[in-house]
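There's a structure below that I have some questions on.
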Amino acid sequence: MNFLSDTTSPAHPAILASLADANHGYAPSYGNDRLTAELKSRLESLFESELELVLTTSGTASNALALSILCPPHGMILCHDEAHIHRDERGAPEFFTGGGKLLPLRGSHAKIDPAELEQALAQWPQDFVHTPPPRVLSVSNLNESGCRYSVRELKALTGPAKSKGLGVHFDGARFANALVSSTESAAAMSWQAGADILCLGATKNGALGAEAILLFGEPRARLSELQARQKRAGHMGPKARYIAAQMLAWLRDDLWLDLARHANAAAAEIAEILRKAGADILHPVDGNEVFARMDDALAEQLRAGGAGFYQWPDGSARLVASWSTSDEELRAFEKIVSG
Amino acid sequence: MNFLSDTTSPAHPAILASLADANHGYAPSYGNDRLTAELKSRLESLFESELELVLTTSGTASNALALSILCPPHGMILCHDEAHIHRDERGAPEFFTGGGKLLPLRGSHAKIDPAELEQALAQWPQDFVHTPPPRVLSVSNLNESGCRYSVRELKALTGPAKSKGLGVHFDGARFANALVSSTESAAAMSWQAGADILCLGATKNGALGAEAILLFGEPRARLSELQARQKRAGHMGPKARYIAAQMLAWLRDDLWLDLARHANAAAAEIAEILRKAGADILHPVDGNEVFARMDDALAEQLRAGGAGFYQWPDGSARLVASWSTSDEELRAFEKIVSG
Amino acid sequence: MNFLSDTTSPAHPAILASLADANHGYAPSYGNDRLTAELKSRLESLFESELELVLTTSGTASNALALSILCPPHGMILCHDEAHIHRDERGAPEFFTGGGKLLPLRGSHAKIDPAELEQALAQWPQDFVHTPPPRVLSVSNLNESGCRYSVRELKALTGPAKSKGLGVHFDGARFANALVSSTESAAAMSWQAGADILCLGATKNGALGAEAILLFGEPRARLSELQARQKRAGHMGPKARYIAAQMLAWLRDDLWLDLARHANAAAAEIAEILRKAGADILHPVDGNEVFARMDDALAEQLRAGGAGFYQWPDGSARLVASWSTSDEELRAFEKIVSG
Amino acid sequence: MNFLSDTTSPAHPAILASLADANHGYAPSYGNDRLTAELKSRLESLFESELELVLTTSGTASNALALSILCPPHGMILCHDEAHIHRDERGAPEFFTGGGKLLPLRGSHAKIDPAELEQALAQWPQDFVHTPPPRVLSVSNLNESGCRYSVRELKALTGPAKSKGLGVHFDGARFANALVSSTESAAAMSWQAGADILCLGATKNGALGAEAILLFGEPRARLSELQARQKRAGHMGPKARYIAAQMLAWLRDDLWLDLARHANAAAAEIAEILRKAGADILHPVDGNEVFARMDDALAEQLRAGGAGFYQWPDGSARLVASWSTSDEELRAFEKIVSG
């Protein structure tokens, strides 16, 4: 029972098989291959929009590269205090932007409180030379507490941000998990909700390592700068066909959605099992992550039973389900809990 | 006949198969997996030394990360004017070091002339506050003209550099090609020749994307800083097992050496074919790259015949062989040339 | 009546005169002059400690340079949410550290709440590769609300910080104003209270432009790196004698303390006058700054009468007194207020 | 006899006096004062052009700030191998540009050889993602060998550079010395010769510390970014009136030109004296610097006699005259030489 992280899971067989299919003959390097082009048009139809595409092998790289074309070194990125870019990327956004500043905002369940955003936009002017101006709003969906922003909630943040001229970045490391927990389309949950750039992650949901940076609307004109930064950061992999191949298989026949549904359902079961055992589920379980507060006895019982999970800074336990979480694992987990 | 670059080649079947073998069950993320540990001890026996290991998916990342722990922002890296880190990485070393300076040195066949190094060390002092001090010597072997430094040649550079307190970085994107063209051991061609850090590349020689940063001797103490920088740069891939798996298969049963020998032999044939056709081979063909000056008629004839290669800034033609260059390609090439 | 900022004041005649005295004959450049040496020993006796000295012409430069030798690019600086380095330096600390992160902490009257510090030190580990570790605590004294930390209050912050291995930076742009409002010695208020580096500012208190970075204890060994960064940032002025001359005159015969006392007394009067007029004084007036909440009528009355002051982001009015605030100004101010 | 550097000289009395004149009453901070505005219009008439103005206290800051708005982090600056920005600013341009690269070009007497520039522009493409594109040409006039580029020579460099879309930066730390050695106007020697930005230095020619960044033509639109970078770098001095006051006095009644003529004439005398003594004058003495190769006996004789000068990396002796070089010094120098 490994609930430590969805990154401890293996890759889905179909995605691995796709590498073998791609492994024939010569192909142009650095993203000029046929598969990358095919992926681009696949994504354009999926997102119902023209877009520009850059591929990387890590979500941190993806987020930091995206932010670096939206935020100048002397500008500021607004994000939630729990945001992955703020807490878990070792300052990657600061590195890639050349010293941009992140301003952490509060809000329950890791959702930015619109009032906090309002206040930040009021307190940090756009045109005062002494103060880093807010230039980017970054929103994670699924977010760091495993919660999904509804389209309405997203617009309540992106609207005010855009009206002040900010660019909008969506961290979609678990975008699929958010999408399947809603009835929305990929377009509605991304650019139609205000995203200029979506970092779409497959690594946590079945790939070996495949992340896509999608530029919508105006930022598409920044593609060549983004590619320069991608190369400069060592993220323009010479054999890009193998990233494109993963993502194509991931999207084929809605595999990405099926895997996300599976992970979300497993998380819901985990939460239910823990709830019955008297644990306190701290956040709505919209996706594949469960945050629970339990007494030490129960925590000990779980660990002794062989369930792997992390203790969060706030003292709670985080349990993450993935595409590969099996029914056996869930039954075994149930068994431990019920002692 | 694709001689554009060794990065246009597919991955070797054994390396792809290794991914499938690695694709079972859960594994710790970020390099804490069993395969990465296994690779480390494999490399230690291969290089006859204790070492620290960091894995990435691109040679540019590998080089820039390595340089960033050897050169402070206000220091300087000495390299050849033709060095990949200087010409072909879009300023990655400058980015990762936080603004370190590269000083290009001259020398025939892309080998740093020891006299040029001597002069640079004399002209750029270590302790003058106004001047960026030389802090790193970077040497590519196999180098950018496809030539191999002998151990004696390497020591003629690393000796003076080390005596001034510089760190030494070897760019080994084609280390295997250099190694098999010599009678030296991996140890003799790396740390015994003065390297503090070797960036060992498998991507150009059969992998999908796998590069190893090897720290020898003192720099091993910098591992935690290197890991911080690796994470910060988005190069600490969550599912590291898949990089380790590639490299383990690459090293198994000397596959890496066999593939390099194959590529080198193919390059030698290409050179011979061109020589016969009256082309001027500009540099010793020690590895898998051929640089030829030919008249336009011949160049046109090759292109018309379907041979892919790049024209170099100096007007010459670069033809690169790889592990996958087939005898059919060579015969076809010969046929075009002989018209 | 100009209460906009202490930087709108002219220089004190004695400090200007000192420039003329220094303006004879040749002097070594870049801080190797006699006056800089004299200033260093003057400061060592004043602070009862060996120290290293670097001079600049701006407080922002001073703070950012100091922070850059305490915080690596992948580290974090803890400061108050109101800190000048966080709000008013356009990201200078992020720039000079190469992308270091600032974590804003809360606390009333712009004093860091020890509990907030405790929590930050607990939530942000030193040894987790994914998270920027806290490496520096930065404290402003006099702080941004015009309040003075007592030595006891300082130690309640620097103690826990040092026990976690953090370096400690004091922003002393108004150190003199804090000092004269206490009965402490310069030593007691700086290194004895935990400061590794004190940025001592004279510009706001009578100089044309003179700031000193003082390194105490271990960080003294970082002098050569600090000088490299100072040069690299364009802050190693060629004719340093003129900065040293300002600071020597500023310290001579306790001029710096007299000027600070004058400014503090004027601020106290301003506060008293406003209080009588029914304004709400928001923070203890320990130094030369007054923050008042007043009704629009009064604010309008003041402006109409010719009193210059800024409206703060929180809607309050900030009035700053300086060494040059005259009794005439205070009487005139009183007159307007009393209508 | 101090010929070490023009930065060892004191300030001219008229410039010091101007500080006293400026030292009355309150003035807006950060460059919004009356004197800065007056200076701007004075410079506009002097340079016969609209321009934007930013003031700093060091030439290194001035150059690096100017370059930072012309060169992106992933771009390249072309300059002479002897350029001050390359050799003597501890990597300031790399720091301020966020990791931009400097490409050193050769040419006799520290003048860029147009053929070298041509080759660099050919070898380093504008649109190849792997290579840092040339974005800026930087030219020092007076240059680092004390030579002046004629307007024709300047255009032979700026023409090709501009035709490739590069921005052009002139390092004018000794612009006045170059100007008075010609019959050209300030306009002809700057923007009419291709400069987008001129860094005009007064510090080496009579000021305490005053440098002006002048933006001509299109780059004027970058003023707000330049100011953001100026603030962020700690170079937006709070009491800017004192820099403007220096520069106003420096320009008043052509003082700057008189001081430069004096320095140039003194240098000519020094060269003549050394020539007579059999020393080899290495470069045309167009300005206030003399580079001489002499036998050790003569060098020793000079030092023993009390003449201060630096030995250059190439083994020659550099002697710098300034506005304050007196006839007594010259006669004394003559006396030593003639033994």
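List of remarks:
Here the chain labels run A, B, C and D in written order, and each chain numbers its own residues starting at 1.
What we mean here is this: a residue touches a chain if its C-beta (ideal position, glycine included) is under 8 Å from a C-beta of that chain, and two chains touch if they have at least 3 such contacts.
Because the structure is predicted, anything quoted here is derived from the model rather than measured.
The interface holding more C-beta pairs in contact, when A-D is weighed against C-D, is C-D.
Chain centres computed from CA atoms place A at the largest separation from chain D. Note on chain placement: the centre of chain B and the centre of chain D lie 41 Å apart, centres being C-alpha means. Averaging Cα coordinates per chain places chain C and chain D 33 Å apart. Spacing of chain A relative to chain D, judged by their CA centroids, is 50 angstrom.
Counting only residues that touch two or more partner chains, chain C has 30, 73-74, 89-91, 95, 98-99, 129-130, 228, 231-232, 236.
The touching residues of chain B, when paired with chain D in their complex, are 73-76, 87-91, 94-95, 97-102, 104, 122-123, 129-132, 313.
For chain A in complex with chain B, the touching residues are 2, 4-5, 7-11, 13, 16, 19-20, 22-30, 56-62, 64-65, 89-92, 95, 203-204, 208-209, 228, 231-239, 242, 308, 324. Chain C makes touch with chain B in their complex at residues 30, 72-74, 98-99, 129-130, 224-225, 227-229, 231-232, 236.
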